[in-house]
Amino acid sequence: MFVNPVGTEVYDEYIKGIIEEIKRPDVEATVTHLNKGPTHLEYHYYEHLIIDEMLHLLKNAEREGYDAFVIGCFYDPGLREAREIVSMPVIAPAETCMHVASTLGHKFSIIVGRRKWIPKMEDNAYVYGLERKLASFREMKLSVPQMVKNPGNTKEAILKAAKKAVEEDGAEVIVLGCTMESGFIKDLIRILGVPVLDAVVISWKFAEMCADLYHQFGLSHCKIGGYESPPQEEGWLK
Amino acid sequence: MFVNPVGTEVYDEYIKGIIEEIKRPDVEATVTHLNKGPTHLEYHYYEHLIIDEMLHLLKNAEREGYDAFVIGCFYDPGLREAREIVSMPVIAPAETCMHVASTLGHKFSIIVGRRKWIPKMEDNAYVYGLERKLASFREMKLSVPQMVKNPGNTKEAILKAAKKAVEEDGAEVIVLGCTMESGFIKDLIRILGVPVLDAVVISWKFAEMCADLYHQFGLSHCKIGGYESPPQEEGWLK
Amino acid sequence: MFVNPVGTEVYDEYIKGIIEEIKRPDVEATVTHLNKGPTHLEYHYYEHLIIDEMLHLLKNAEREGYDAFVIGCFYDPGLREAREIVSMPVIAPAETCMHVASTLGHKFSIIVGRRKWIPKMEDNAYVYGLERKLASFREMKLSVPQMVKNPGNTKEAILKAAKKAVEEDGAEVIVLGCTMESGFIKDLIRILGVPVLDAVVISWKFAEMCADLYHQFGLSHCKIGGYESPPQEEGWLK
Amino acid sequence: MFVNPVGTEVYDEYIKGIIEEIKRPDVEATVTHLNKGPTHLEYHYYEHLIIDEMLHLLKNAEREGYDAFVIGCFYDPGLREAREIVSMPVIAPAETCMHVASTLGHKFSIIVGRRKWIPKMEDNAYVYGLERKLASFREMKLSVPQMVKNPGNTKEAILKAAKKAVEEDGAEVIVLGCTMESGFIKDLIRILGVPVLDAVVISWKFAEMCADLYHQFGLSHCKIGGYESPPQEEGWLK
Amino acid sequence: MFVNPVGTEVYDEYIKGIIEEIKRPDVEATVTHLNKGPTHLEYHYYEHLIIDEMLHLLKNAEREGYDAFVIGCFYDPGLREAREIVSMPVIAPAETCMHVASTLGHKFSIIVGRRKWIPKMEDNAYVYGLERKLASFREMKLSVPQMVKNPGNTKEAILKAAKKAVEEDGAEVIVLGCTMESGFIKDLIRILGVPVLDAVVISWKFAEMCADLYHQFGLSHCKIGGYESPPQEEGWLK
Amino acid sequence: MFVNPVGTEVYDEYIKGIIEEIKRPDVEATVTHLNKGPTHLEYHYYEHLIIDEMLHLLKNAEREGYDAFVIGCFYDPGLREAREIVSMPVIAPAETCMHVASTLGHKFSIIVGRRKWIPKMEDNAYVYGLERKLASFREMKLSVPQMVKNPGNTKEAILKAAKKAVEEDGAEVIVLGCTMESGFIKDLIRILGVPVLDAVVISWKFAEMCADLYHQFGLSHCKIGGYESPPQEEGWLK
């Protein structure tokens, strides 16, 4: 299951289209959204607003037997809480892309819309232990609504920022720091000549792998320590 | 204003007592709690459950003219969101204690109740940029409910863990990693012979300083970048 | 293709068995070995001895249309050279396991046979950018030949070392630091109660994912910069 | 007590003026200077020249019952020696400003007069454990004597350097890396729109907080380990 | 013994000339080359191609009683393997220059020919533990063959890149990142006004020091742990 | 010139004896002491007390034509000031030993007398950029006066601490963290079976190398930036 953690269905079809093209034939994909909440998550308060419904969706997905759950936002909102309340694999785009990027070249750069996004994303890179592989953030000076309105423009802006990252910052891999930057991966790889990671594509393929490992070995995140679940008897987690 | 971000009033008087003893005479202290939510925050899902009401309390506090707001939990729950939605100083116990501790000795150790707490707190140390000053975490193997039930026992457990931190881990400063470890600071300093930071005490005194600077110079956290507020016209932040 | 980079065929069947159990039905697995060279790679000089034949095997595999190549040794021997001479994905067990482990818990420990192994593996953790997620190395005091001779004993030694890592070093994930520690993953997860990464299993599943991405998007490691190929006209790379 | 650790009284009145404006009414402020030594401390040899008299002043201040002592130079000269010979809080501007700055935004930049200053200050950032929160140093190409001669010019130079730090280096907080850059804080905050830390102001307010904690709890730097005092019987410390 | 690890004798005389000028009178210098292999080592595959013969040369040098061995390439090819198979000091130019540079100024920059070189060299800086002293890499956009063809041009390119490193990157020391950048050290120091480290010169002088220590105390790299030799009885190391 | 920076001549002969045994025949060694000051430097205030006379000695040594100057204390007292006021090489034992140790094995441990010493020495390791190569400090619980009184006991204590460092902390190299631990290097290497660095021996041999490079190329520490000298016209540096 891939959730667009925003209160609108408008992205579902688009994301579904991307996933249909890349998913393994033996895998079933559900793409969904939330009933309420902002239509974008540029602000951390907005992340907060959507976490509650998203966590319920996740808890239900586990009950319904899904094998992996993808949080469709590059801030990785609610990741710690999500892994705390379920045992099934929860895939976070930024975490996944940064790790995969680290295996593909010396350093990676993340293309962001606005400066606003950088502090939390850089803190996430620290928390994931990868700041040393991070060449730079490159800003397009585009908000999510602006990116959505004009995809052609977004693609140009990605290319411009990515070229600078490759030429000036030593990046060998480009990570697209928003699920709304998705859909151009083939063109971007062709034009830039370096690996480009689309957050939707990479998260989905990683989720397929995690689902296999979960199926076969029960392998998922650790439930001792940081992701220990709240006790049922306290009655808060339903 | 100091908020105990839990759905119970039972800690208000105790915390109020600690603050009354240490506050400057020219400062007014409000200690409050939430109407709903768990009575402790050992689980990150519980943190999530209380953030919403806490953020509304904070937003109101700003409207009512408070000069500083202390989040009364050592996980620093909702800190990023809190600073995003207001301009007034928001003080977080872990952030404050780790920075103050760094000025008092070579390295500090944090005394925690359970292993569960360490991953998020260590990640916070990374995010605050201070992992190099962190000598160790020392675990008492006590949950918050257990600590609350038997304060004498808690004090003994703190002493035992702190001694090990000082003797085996090279700690020169002890940080008490829970607001529920508060109230013993004088005794602990006397017995251990090293500086001990009580999260309630240090947060409050730091808040007084921040309130002064906010009053006089409008000095508070940066509102450009990571803490930029959501635009009013999007209608989500009220 | 999975290569056991040693001059003996004795491991092929065993490794093949593990892979057959975990591979996707739509994927074809070749497990092979080298014609000459030592039967284990505990020494870096031995790594050197096998790289030449392994690189030729790799170059041929690319010509024959394989989609991904797994270097079957946890030192990740010849990884830089391998990625330099081909465009297809080259999967290295240590790199892969350390990154996957980082997504499954706060910190991981690597179970090694002997102290000898640690310096290169720890240096690899630095190079991969992940030293901060590394809780510890735990040594079993077993050489590879000893491990091979007595698998039951090896399994016991893994369990003992892994328990210490979980209980004393704060590890939330266990990484088995040798392809010869493979085959026990289900039991280990069940007994230890934390995620355990078997280098053969994880490398293979990651290779499947990489093969998909390479197929669909030509996505592989960056060929500008560190992995730039030697020019054909200089005549050394055949 | 705030000491201008230079052999001239000319800065006393100016600094005193700044402190009078910000100090709490219940606090008494002494601003003083040294009898001999250079009139500025741009060179580390000059720092050396003033430490002896400064340490005697400090030792006397402790005897006379002062509650906190501020070293008025951003190199934090003699900090280790100072804390070794007394128990009362010794406040160092760079240490204090870097820690306070870290609580106000994602990263801070330090505005320095000349390149000369950077190596020691950056080493101090390492020692204080905060290099990761340091966005950059920005140089004004002004010596201390030049800054003193033309304050208007200095203010313009600070603004120019600070703007670059905010716009190009990702700084969210500006730290003024010299007590001679003091006195403009209100204007700078207003014009730049980000928090600006004046070393005199922040050190003084932090000293007030430390004095309170020292009074009430005897809380000060650790006297075991790095700051252990020389034994009286050896006769060197008088 | 100084080995030019390339399959050509053309550099021997030139390097010999440099060493003759700097060596102590009581030291005997052998400069040699390999019988086969590429004439430059810009590619990691080329490094691989020369390691075998170089290791045999080293093993023989130890048998013949040499006191120290210098690997004449700034990638430090085969260093781990080399130290594994002998007890005598093995000197690596990058390792040596980075450590010596760290004692001469706040930070150093490495002048490289092409971007291609940077990833391995930066990884080496991590492995040697010195990334924090590394100000930058500066690229001349010259391949080794281009550098060899036109030394005057190379010298100009070094000067240009080094000036930028000093003025823009904060470098206080310049390290020449290729033994083919050797021979200009006097001029470069005079023109740039900062210390410049010639990889041949520094490696040789460091080797003299190591040879003395080896002679007198048997002091060399540790043979327990990472550099433990393969056992003779396994028959691979001859 | 090697200076014992203490106010007693009692160590001169001993140190001179060590140096005579290791120095090159073409090198002249002066070992000297200070006229006043403490007889040991365990306290940072004592370091302060001796720096003034030591700096004058250094300045004179440069005038008299010495080629290198060794500060004979493992705290590296006054190193920044020393390099600021002269151009000739100034060798500091801790800096030198940590860098040389880093070339001889995976990690090193420093054997110290008392816990007191560790904070400054660890901070120095940060400043020198080498904390990652530092396995541990191991404390002998001996003050300098105790070490001096009973050298046999000291040697036993070194052996005991060093063995623990090698066996429990992963150290491959032992660094003796006090010039008073000198004189046992041959025995220690023989008994421990790992490289052991005697601060007097290593500093002296490194000084010989630096003197050669200074002679031939004028190579010494950078005089732009951190080590820029105070201007003569200000009249403080004589």
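Note that the chains take the letters A, B, C, D, E and F in the order they are written out, and that residue 1 is the start of every chain.
Note that in this section contacts are C-beta pairs under 8 Å (C-beta built on N, C-alpha and C of every residue); 3 or more make two chains touch, one makes a residue touch a chain.
Here the structure is a predicted model, which is why all the values come from computation and not from measurement.
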Chains touching both chain B and chain D, listed by label: A, F
Relative to chain F, chain with the most remote C-alpha centre: A
Mean-CA-position distance for chain E and chain D (Å): 43
Inter-chain centre distance, chain A versus chain C - centres from mean C-alpha coordinates, in Å: 27
Contacts with 2+ other chains: residues of chain C: 106, 115, 118-119, 123, 126, 131-132, 170, 172, 224-227
Which chain pairs touch, all of them: A-B, A-C, A-D, A-E, B-C, B-D, B-F, C-E, C-F, D-E, D-F, E-F
Chain A-facing residues of chain E, complex: 115, 118-119, 122-123, 126, 131
Chain B-facing residues of chain A, complex: 38, 42-49, 51-52, 55, 78, 80-81, 84-85, 115-116, 118-120, 123, 126-127, 224-226, 228-230, 234, 236-237
Residues of chain E defined as touching chain F within the complex: 21-22, 24-26, 95-96, 99-100, 102-106, 128-133, 166, 170, 172-173, 185-186, 189-190, 193-197, 201-202, 205-206, 208-209, 212-213, 216-227
Contacting residues of chain E [partner chain D, same complex]: 106, 132, 170, 172
